[in-house]
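These notes open a run of structures that come right after.
The same subunit A turns up in both complexes below, where it pairs with subunit B and then with subunit C.
Up next, the complex of A and B:
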């Protein structure tokens, strides 16, 4: 029965019956994929899928290359966004109601505690995985060949991750929130240390102005909570989404994930990849290779897709979904067993003792306990500047996409790990045992402490040692490995010290069980 | 003659006007943004007054040590008079507590002697001393917005 002879209702009925097929077809635009050509089309024709290339290099699919770290960070962000949306149902950003709302979420709302834990832990896990992702990028030498600026965006994403976590920490308006806000706002005001020395604070109080803008006043109060809330739910998420969009977009423009120059044919070693299917679609059955497939690179390989690529559908998407489900399962399992902390209602008269920042800032708190300005602004600023400069100071093009570049790189990484750990433990041991200038000469001028304190010396040592590595090996790449390794070691050990080894009055204890009872 | 006036300095009139317009657009936009940022800093915030009454001087016989918890100020009284010392650590704003050597901050371990001088830890400045005044009816009040030199003690009639 041809269309022209159908009645109106007949056509209607036929359309109704074929809705499933026609809707799916309109959604995927080219129907369910059956050949390599249509597998390509389904990616290219889909807004979300075309974030990926139609073809994916087999090296990208090697779990031992990427470790899935960037993807895990992204999925953690998605989980944090969704769980955060749920928390917003009950939360209200007023110092009178915020604490009760969070308590309600914890104790009254069904699965509220789990939801809050998921939000908290997915956010904090992001810090760990973003750092690990950075480490992967550094150690596989992937910050080169057009990717320099994407590394810069990555560092911006790291900072946004930290600030998002920190602002979230302040929202429950409990003791932890309040005293974190006090300390952070005073770190913002720390340039006062410098302006005081030069006697220009009354004319140019940059620290005081920053603090006032952050707090919306001179002391933490309703204005502060409003501003922190604004940052946490609008400005920073918008910022991180924008930066993430550019981050992904640039990865694609740079030809997908980094990979070594030479990847052996079919040496994928990845079990789950389905091999290219050279029939159907645009490939006539009697031909063995298709020159139509032009991708980056110069080696045509017979019966093998150009440059060891396979179709993203389903190879890449299967891998991504697997990473997602494991990430989600991990977060839920952790959140089921470990509760996010919630202390008493904020009390401006009694600080916690010890008053600790959230764990990811306890390394900085250790540095802050030498000098507020250097520990809170100077040293983190220099560390970030150092990270940003890595791709611009190391421009060696060899060994791209290879873990640790070569044997020498592995040795440098191990050596820098040991040297960095020794330096940071040594400086901590010295300060803990002997104190610093203020303990020896109470009247010493503050400028001396800003200029010479254990944090500065540590940073100076790290920079000097990486320069020494460059000189010894004649390779800036080795310097980059050394610098980043020492940065990571310092961050981890300082954080551990601040978290575990510091007790009441910021004094040293081997464990919390030795803290005095009071 | 006409040629000379057109192209003497290398920038044509058209280019100059174009650049000037483009520059003005950028400068104007930056100016608007910078001006808008001023929005986030109010001239006055509705906050608690820094001045607060502490009662008559008879409440503070010689040897008194008292802390006004909600104001974070210590009041001391000795032979030379009354004096008020801030309880806010000059390092990062935690609240110090009295100890055997003077004051101790819990957050980053700053230590002060009994006059508020730093004797250890990261604090950059001594604790602030505040002005104490007397109302006409004899009530004393502290102005925590007004720092006075260390050692300023007040004797009231």
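Up next, the complex of A and C:
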């Protein structure tokens, strides 16, 4: 009755006065959540939140289970995207201006140096956290029960992370950029080593062609920078966003994060979740039934109980925000103290000695020093293939979602860690002290070195040892733990060697202070 | 009650984040130059003599200063700290506030020249460490110490003008460069020997070209060059450079080295007042190209670095026994197997006229009296007897079969200058010896060999080129 008596202006005035309430209502739709029903509605009705389940298993919230590694990796990417957008405002991808643009970002742009540091360190931290996240997935046995292909996407994300970092490294066009580009293009041209041996380089120069496509010519120059820029700001980010979207989507479709089949009662009510606040809703405490529970199929959520779940709002989101702020604080604190390197302007006449790739590729560069083809393409290709195959070669369904599966798994991991470290340190010590075929028989055919070099032998040993573990324990799961442990140990130790222990001419030094120059 | 773990993580992380945002903001808002500009402004306000100057001082805006010079491709931000550089009131002030010394800025307005074109340093940097290009800042050309700064003047000015108008250091350095025979080994503008490294562009050569391992003090171009002049082998152990310089001379030459830069100044910056090159006579040429090895040419010396004896080419005993034609051949073609460079125009770049001048200078004191002729052709030489004599008499200094070389006092007798020489000349040399060298007289005045023996020896020496 009152509505009809209102004048048009009266309605207008009322709408104007209630604008705060109506705007918030339109934005949040269901208002501030006070009941499980409305908490669910928050998740379902929000574009950003509806990727999450309305309810979250307590195991997912357990910090000691996930260590937050996947989230940290994702947030690092978000930070890198935002700071990267900031840097793009000032950067210009021309070899005449790029270096000065970076200098200006460092010197005159307000907070430019900090932003550049944040961009650099969040990107490089991603490598570490993606690897750690993979380790978590392997050790908690989480690459099974429908998650096999998501592991494959994870490996793709790892590669994209590497390449994004690498292309970013080349943009300032300083000495580091230039010589990293030279090294990388030479690695791209590594198949030449093989085609040369068979004498078919002049008909089928796949290495040279790859290098030319990468560089846009035969030597690094403006074309290379343009291509690297295109990769870094469009193609690779699009790729990583797509892959990441699929990665998350599959996590949801696979029923959320992996969890043990039996979660004891002692797991509930611990400090990282809130006890239910029963102020509304229709179902009894802890019980929510969704379509998932009514459907048939192999979807992991089907037939599973909904015990030990809590509403995602606020439990999961508090955790996510906490991890995000934790990540951001960590990156900013690190960036405050440590500056991203910027060397002299690129100079083709002055090779850096040692000319080193960025640190995360120095393990590869160590292998490249044995054989360009095997170190640069053969071995990393095989290692990636090995990673991809883990969920397909280990299909034991027991001990799902349990760290190291059991006591035996923990022993195998420790044992593989020691054996892997001994193998890689042993092979490095051998090469450093005694050299290899080329030092002993200078005229030996290169094919022998491609076939037999410390890198190949190391890979052979790693594979053989994990097969031995499978034979000994009768469990492919143990083999997977062993293989991945040794992969990680090899990567870390080789990277350390390439970064710290290799000096001018790739000679061995205990530290950079012993280098004979400067 | 919310999750205690995540809430405390959130709380602590937020505090850390806010703290770091705060200190980062603070650092961003208080750059190094701001402090200096505030000091400068306060000083002016405090020392203002009257109200209007005070008002003007108070109106000074604090902000980053930049001089952008398009034709020099520079963005000099030096005045962000050095704001008082043009202010006469700051003549006595401490750095960074002090006024520029001398009257240089009158003729070199900052708006046209900026700072780094003379002083070097990193133009875009806005903090002292990186602007001055100190060690480990990855800037190839740190700020140039004032004792070498005149090297920058020669980018635009000629040495004659510099000598008269405030560039005496670099002008003297240039003079020293000509007097110390540097071009005997180093090629400049196509002229000079090639024993030494190319020094073109050394003043603008990136840091990475130099081995800094043995440099004392800051590792930079200036210290490298100066200390290399002091003692080349202390900086580059395998160096063969011969230098005998006082500390002051080393400084002057270092200044001069800074004039060898690759970039050319735009034409509207250069000012050449004296286009006439100084007249170069035989003595100057000798100093430019010969003196580094032959010194004044009066005595021959065994050189520890070259591991051989350097002949005394201006000694009358030498000039008396050698004719101009023979000298010309040696100078033009050099002496293979020794450090003596081929100086012809297609090699070290000396014109025939230059070489003639040098020969005139070398033979200036040639005695009127020719040596007594030997008459080599009169003797019927016995090569075998000559070989026996050689092994007894000559091998000690000239080495087995005349090979000479490292560690031997005598010269290599197989080199073309000996092998192609007139036997008469060789015989006279053996008979009379070489004054001012270890080569003594083997004739009747000295070691009492008769002419027949000498002729035999010479004949044997002439056969050496056919031996392996």
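As a convention for this text, the second predicted complex is superposed on the first by the 485 of 518 C-alpha atoms of A that agree within 3 Å, B and C clash if a C-alpha of one lies under 4 Å from a C-alpha of the other, contacts with A are read in each partner's own complex, and residues count from 1 in each chain.
Keep in mind that, in the parts below, contacts are C-beta pairs under 8 Å (C-beta built on N, C-alpha and C of every residue); 3 or more make two chains touch, one makes a residue touch a chain.
Not measured: the values here are computed from a predicted model.
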Using the superposition on chain A described above, determine whether A:164 touches subunit B (first), subunit C (second), both, or neither. neither
So, A:483: does it touch subunit B (first), subunit C (second), both, or neither? neither
Between subunit B and subunit C, whom does A:217 touch in the aligned arrangement: first, second, both, or neither? first
In the overlay, answer first, second, both or neither for which of subunit B and subunit C A:315 touches. second
Which of subunit B and subunit C A:435 touches, first, second, both or neither: first
Please work out whether A:336 is in contact with subunit B alone, subunit C alone, both, or neither, and reply first, second, both or neither. second
Applying the document's definition of touch, where does A:350 land relative to subunit B and subunit C: first, second, both, or neither? both
Pick one for A:365: touches subunit B only (first), subunit C only (second), both, or neither. first
Contact residues of subunit A, present in both the subunit B and the subunit C interface: 350, 352
Residue numbers of subunit A touching subunit C in their complex, please. 61, 63, 100, 103-104, 107-108, 110-111, 114, 174-175, 271-275, 314-315, 318-319, 321-323, 325-326, 328-329, 332-333, 336, 342-344, 347, 350, 352, 516-518
Give every residue of subunit B touching subunit A within the complex, in rising order. 40-42, 45, 47, 69-70, 72, 91-95, 104-109, 117-125
Subunit A residues within the subunit B interface of the complex: 179, 182-183, 185-187, 193, 196, 209, 212-213, 216-219, 221, 223, 227, 348-355, 365, 368-372, 375-376, 435, 438-439, 442, 446, 449, 504-507
Within their complex, state which residues of subunit C touch subunit A. 1-7, 9-10, 13-14, 16-17, 20-21, 23-25, 27-28, 64, 77, 124-127, 130, 138-140, 206-209, 211-213, 219
